[in-house]
Amino acid sequence: MDDRPSYAEEKKKLRNRLSRIEGQVRGISKMVDEERYCIDVLTQLSATQRALDKVAIELVADHTRKCVIGADGPEQSERTEELLEAVSRLVARR
Amino acid sequence: MDDRPSYAEEKKKLRNRLSRIEGQVRGISKMVDEERYCIDVLTQLSATQRALDKVAIELVADHTRKCVIGADGPEQSERTEELLEAVSRLVARR
Amino acid sequence: MDDRPSYAEEKKKLRNRLSRIEGQVRGISKMVDEERYCIDVLTQLSATQRALDKVAIELVADHTRKCVIGADGPEQSERTEELLEAVSRLVARR
Amino acid sequence: MDDRPSYAEEKKKLRNRLSRIEGQVRGISKMVDEERYCIDVLTQLSATQRALDKVAIELVADHTRKCVIGADGPEQSERTEELLEAVSRLVARR
């Protein structure tokens, strides 16, 4: 038995996070509009980046558990290489 | 004579960028909704992070040019320390 | 048939990279010693960080290919979670 | 009166940090040599990256306080742009 949340639950969780991030970006836009102090805008922006990092890590985890581990043979090799390429982009911010 | 864009122009540029980023985040949400392939979602997410990095760097530049360089004495010291704290958060992703 | 380099070759490649990084760090120390211009030191430091990022990505790839893909059942689950934790540390710089 | 450490003290502190980082990189090389578990090597590598991040932030702070704030006119503009370019490289890991 697997006690990880079902895909429907994970999807809902991801969408809630992304919806909050969308609100954060809108908030930053409003702060720029109101000519708020740069440092306060930057603090909000750092928080948004951390939130995006968490979504990225969640997606890497989903992909590894579902698409890499579950696959077999050549398909597994291909998906592993895709995963490593994606991780490389996240780490090196390319 | 200063040939840098006026603050009104810079503000408009920043808001355009943020508006595009908001659209990118909404697009990622839609991709999750449509159960698109994780790796494609991650590629879009990396692009969004790079776009946010650019806004952050633009804000650091604005703050340095306007609030640090222009200030004097104790105010300048205080604003420099605030700037360095913000840069530290960006670099170390805290 | 697997056309990836053998472990001995990969190990040699990793050690060469790390040896170059060690030299880069020693070079930075020397630059500080000689009171070289901060910006030049920072340029060298950014190059060193990129080199370390590459080693990290290489280690993630090795672990995924050898310890995750090759394992089975509970061991595979455990190693996947360890991998995801390590990737999370790299992305979020914790 | 300025209560920040003198340059000699800061230089000594930087060199001590860099010397520790050099030791950390040598330790990672040894771990690879002994075929230690990838995840343990990655943990050590993440710690090394955080240590380098701290040195980078310290150098940005030094440059800002000494070379940007102290300069005047065109020299100050030039040094500010150099600083912003260096920060940009650190944030975007270019």
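The first chain written gets the first letter, and so on, giving A, B, C and D; residue counts start at 1 in each chain.
FYI, contacts are C-beta pairs under 8 Å (C-beta built on N, C-alpha and C of every residue); 3 or more make two chains touch, one makes a residue touch a chain.
Treat the numbers as computed from the prediction; the structure is a model and nothing was measured.
In terms of C-beta pairs in contact, the better-connected of the chain pairs A-C and B-C is A-C. The pair A-B is the one among B-D, A-B or A-D whose contacts match those of C-D for more than half of the residue pairs.
Note: centroid distance chain A to chain C, computed from Cα atoms, is 22 Å.
Each chain gets a centre from the mean of its Cα atoms; for chain A and chain B, those two points are 18 Å apart. Inter-chain centre distance (chain B to chain C, centres taken as mean C-alpha positions): 28 Å.
Multi-chain contact residues, meaning those touching two or more other chains, occur in chain B at positions 50, 53, 56, 60, 83, 90, 92-93. Of all the residues in chain B, the ones that touch chain A in their complex are 11, 14-15, 18-19, 21-22, 25-26, 28-29, 32-33, 35, 38-39, 41-43, 45-46, 48-50, 52-53, 55-56, 59-60, 62-63, 66-67, 82-83, 85-86, 89-90, 93-94. Interface residues of chain A, counted against chain D in their complex, comprise 92-93.
Across the complex, chain A is touched by residues 50, 53-54, 56-57, 60-61, 64-65, 68-69, 76, 80, 83-84, 87-88, 90-92 of chain C.
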